[in-house]
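Presented below are the structures under discussion, each in the form of structure tokens.
Both complexes shown next keep subunit A, but they swap its partner, so subunit B is in the first and subunit C is in the second.
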Partner chain A sequence: MNALLTADALTRSFEVGQGMFRRRRTLHAVNGVSLDIRKGEVLAIVGESGCGKSTLARMLLGLLPPSAGAITLEGRNIRDLGHKTVARRVQPVFQDPYSSLNPRRTIASIVALPLEVHGVGTAEERRRKVLDILDRVGLPQRFADRYPRELSGGQRQRVAIARALVMNPEIVICDEPTSALDVSVQSQILNLLMDLQKELGLTYVFISHNLAVVEHIATRVAVMYLGRVVELADTDSLFRNPRHPYTQALLASVLTPEPGLGLPDTHLGVAFPDPLNPPPGCSFHPRCPRRFEPCDKVTPALLRDAGGENAVACHLYPPSPANASLPKTKN
Partner chain B sequence: MSLALSSPAAQPSRTARLLRRLRGQHAFLVGAGLLVLIALLAVFAPLLAPHDPYLQNLAQRTIPPVWYAKGSWVHPLGTDQLGRDYLSRLLYGARISLLIGVSVVIIAGLIGTTMGLLAGYFGGRMDMAMTFIVTTRLSLPVILVALAVVAMVGGSLWIVILVLGLLKWDRFAVVMRSATQQVRSQDYVAAARAAGASTAHIVLREVLPNIAPQLIVVATLEAASAILLEAALSFLGLGVQPPLPSWGLMISEAKAYMFFSFWLIAIPGSALALLIFAINLTGDGLRDVISPDGRG
Partner chain C sequence: MTDTILDVRGLSVDIATAGGVLHAVRDISLKVERGKTLCVVGESGCGKSMTSLAIMDLLPKGARRSAAALSFAGEDLSRAPGKRFNALRGNRMAMIFQEPMTALNPAYTIGDQLAEPYRLHRGASAAQARDRAVYLLDKVGIASPAERLGQYPHQLSGGLRQRVMIAMALMCEPELLIADEPTTALDVTIQAQILRLLADLQKEFGVAIMLITHDLGVVARIADRVAVMYAGQVVEEGPAAALFSDPRHPYTRGLLDCIPVPGRTARGGRLGAIPGVVPSLVGEVHGCSFRDRCPHARPVCAEDPPAREVDGHRWRCILEKAA
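Let's look at the complex of A and B:
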């Protein structure tokens, strides 16, 4: 197993103040997440809004320092590697292509920014590189001197992808790269991402709440709930045999195109727990249809199953002596 | 592929597009035209002025302008209470007003924009400190502080510029701070950071160009207000000192003759109003022309 990027018991909390004189409270956006991102894979991170997906992405990019835990890039802590080294190897594609491109720069200047920052080549070489990469993401070269406002959402997202790839990074962290786009454009961008992955041997961390997309492109899936990874499995087993009750509910919630069926019932109720005041024990237990005795007292650890590949954090799957525990998550 | 990708639309040059946007901005064209005209008159004052603005001739005091019965083309705008040619003084006065407007905006703009950028970008303690300094500054009335300083160290053109420049940065700081806060939450700032860009690069190359429209609007407002403040200080006798021909000073010197030689006040007063009007029109128009959302 060759882990390229590793998150080790990663925690990020925010102090949430409500006015000057009230007590500040701590929000654990990400709570003890441990993940291996392996070379060449597409690791999808799914979960509902507010579960900490984007905070995790920002930490993996080095944009947000973790409160606790460490991120290592091929065994070296990214804190010690330096910002530029990480930037060279890990690049983002953001959700909203309307906010991720500087409206005052031309497309060429936006895509050339990483080259400029790292002092790659002369202006002429940079220009050639930019035109190359624009070509690669399917944008005609005459767009180079236009401004973002002249481009459609899909074209803008292609520019964002070009900027991410221009330094030949190894890992691209896509934070919901298609959810701000029209449905018809989404598939184009997804296919582009998949093609580029094959051609350039990229590794993706793909954050999404669109399960159909995830099933289509991911090799492994991590399901997050309230800042924790509750299930980690390869895509096939996750979609064929979801084990955590939350994963089961998530899959059941996917809308079917059948018009007569109406909204699926997830048995979850409406009570999304307050992340400022997470429930004791398993944070999912107030909504869990299968909760039993230990659920509201003991936080389940993320445990590998017998095969050693997939893992789930749920008391329904008790550890057997054969099970090896993943690095213990902090409570 | 979307439709736009295959359309062979030719790309007009930047200047062409800017010109196209300028057409139809009537207010801006009027304002900018006036401003350019006043600036040209000020720059070429030595060539245009028919007389030496400092030359006194007591035999020719308070000659009325040419449109009065007693006026003559020798002194198209008449002469003042000391017999100096009023048109020449008006032209040289434009130099003072523009010099003050531009210098004060440069000094105040540098201070205020730096503070606003730092506070808006870094937030936290930097922001708290900046807010405190701005509040302190806002509690000082500009005209009183200026009066006190001038009374202490004596009035001169450069003292007035310095005092106003060091006092009038508050609006720059406040507006730049909130504009920066808005821009820094955009993903392109995060993308620049993720690309490894330094903080200086991000602040100067990503944030600053995007708050330029607001900066221009504040700069024009502040230039106009600085010119008016100088006129007020000079009127009170604590600004530009005679015999320099500042418009405010001209009004002040003429106040004793208001009922007999009305033009002595009306002419510099109108010039002042026209200049402020031109600056404000230009600022408003520039904001519309420069802001990227309106372009296309």
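Let's look at the complex of A and C:
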């Protein structure tokens, strides 16, 4: 299948620690992530808060340079393509509808901005296009000349989606697009995103912590833990047969709307993941209920199944003989 | 014996806008008992945040509160001066805000911001405040808490910021905690952990929690009572079990149909939706505000629907029960 956008061994680190006597330390937010984003798919990225999803998203958008590795858009490094070219084809919808909209601009001018930047149409054509897209995302036209502060969270997220779509991008990277919304708005936005995808042939990268939503909308899922992809699978396999112990814990933690069941016990240790002190070996081992001998020493690689597309990074699933990239050692 | 910590009666919030007065919250009444959790759910823009900001006396400029009663631990605050709220807020009552970045000051470190209310209200020393901050950051699941104290808000991920805010709200062991979407940016394993932390605090200190969320899964698992808001009003309120098993208001029923439930909803299929948009609340508002979107609406719904009640489960609709 053809990859539209490819991440190749992407790594991004930050230097943290302030003050004269505290030593500066390196935080590996994203650590060697390789992913193909294929035309027409909905690739979901799920994982613990702070595991690097937004950092990965910002790199894919060309908004943050990687410390190592490369991103290619149909074979060309996005560093060489320039920001404007990338922005025409890859657009974001961010996690936080509050800080991502300029408070001093009206809704219409926020949505029109990408058109202005790229010099599309006359002022009147732009206005028409803006009203059209606002209508498409379900915002009454009376909102066009209001300011973001006058809108509720759900209304602001619709503005963000309108702004992302106004340039007709191919790939939309949605970072928690519905997490600030209540459910009737969430279902409308998800229905909207699915409709727009079919109508416009869009490709989505969909970051979310809501696994019920991910199961509903995604075609493939990448599970991240502490900056790495630990499992990658088509949606059906992942939900029917989660293999990585962290994926299993994630699925066990889903709160279904059944009163009286109380809060589930995830059977995870309380050693919360810390990108400043990543544990040696498998970074999940301090919390993993199934850890065994090699786990705290050897980092498991993300291995593709024999003849399949799915992959998992866990010692419970050793490389198989048919795996071309990692031949089994003879004994 | 019930022990009401918060008793709000006839609360309204009016906001002056260019187009006229917006009636963001319209004559609502809510009660929160010590040691119990009230969850507030409802359409985006229905006035949940305005309700909590009104209770905390933190309404934005241009917004005006009026209430028949706003009693906190038996003290009526409906006409209390701002000074009284300053003494209670961040101390005996605390709030976790929906917008971490507007609540956190970008110019100060996490450590300074955590310490401030504790030093102000409890007269704690810098070292005591620091110890408590480290303890709470650890409790909310932030690793290397001592290092995080020196960081600024923009250096944290969305989920970490939210957990810092939760820790900040807990610094002075409040009796009432109002949490506006406290776990939205968190992944599910951490969410389960944070909700258990809140439940533990509740058991240990009897803290009352008013939790605003759009996650009906969270509501189902932690709420004692649930209030459903629509267009500035509480349209249904009652014990959690009754609300899920026997929703009375058509809007509540619609909400429950909107969530994808693995195994029940077809993957990639359309989710239940409540077509239409919320009516404008600018100017005079009459009748049932859900009538433009309600599948059961009749001409009589243009008049204010009756308030009904069965076993402490109340709703406002012409119908006894939506079919």
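By our rule, the second predicted complex is superposed on the first by the 319 of 331 C-alpha atoms of A that agree within 3 Å, B and C clash if a C-alpha of one lies under 4 Å from a C-alpha of the other, contacts with A are read in each partner's own complex, and residues count from 1 in each chain.
Quick note on the criterion: a contact is a pair of C-beta atoms (placed from the backbone, for glycine too) under 8 Å apart; a residue touches a chain by one contact, two chains touch by 3 or more.
Since we're looking at a predicted model, the values are computed, not measured.
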First (subunit B), second (subunit C), both or neither touched by A:R163: first
Which superposed partner A:R104 touches (first subunit B, second subunit C, both, neither): first
Partner chain in contact with A:P114 - subunit B first, subunit C second, else both or neither: first
Touching partner for A:V254 - first (subunit B), second (subunit C), both, neither: second
Partner chain in contact with A:I217 - subunit B first, subunit C second, else both or neither: second
Which of subunit B and subunit C A:G62 touches, first, second, both or neither: first
Subunit B versus subunit C as contact partner of A:A87, first or second or both or neither: first
Which partner, subunit B or subunit C, touches more subunit A residues: C
Partner chain(s) touched by A:F239 [first = subunit B, second = subunit C, both, neither]: second
Those residues of subunit A which subunit B touches in one complex and subunit C touches in the other: 95-96, 99, 138, 140, 142, 150-152, 154-155, 185, 188
Contact set on subunit C toward subunit A in their complex: 17, 41-45, 98-99, 101-102, 109, 141-144, 147, 150-151, 155, 157-160, 163, 181, 184-193, 195-196, 199, 214-223, 240-241, 244-245, 254-256, 258-262, 265, 267-268, 270-274, 277, 280
Interfacial residue positions of subunit A with respect to subunit B in the complex: 58, 61-63, 83-84, 86-88, 90-92, 94-96, 99-105, 110, 113-114, 117-118, 138-140, 142, 145-147, 149-152, 154-155, 160, 163, 167, 185, 188
Subunit B - residues contacting subunit A, complex: 1-2, 4-5, 11, 186-188, 190-198, 201, 206, 209-210, 212, 292-293, 295-296
Contacting residues of subunit A [partner subunit C, same complex]: 14, 16-19, 22, 25, 46-51, 54, 95-96, 98-99, 138, 140, 142, 150-155, 176, 179-188, 190-191, 194, 209-213, 215-217, 235, 239, 249-250, 253-264, 266, 268, 270-274, 276-277
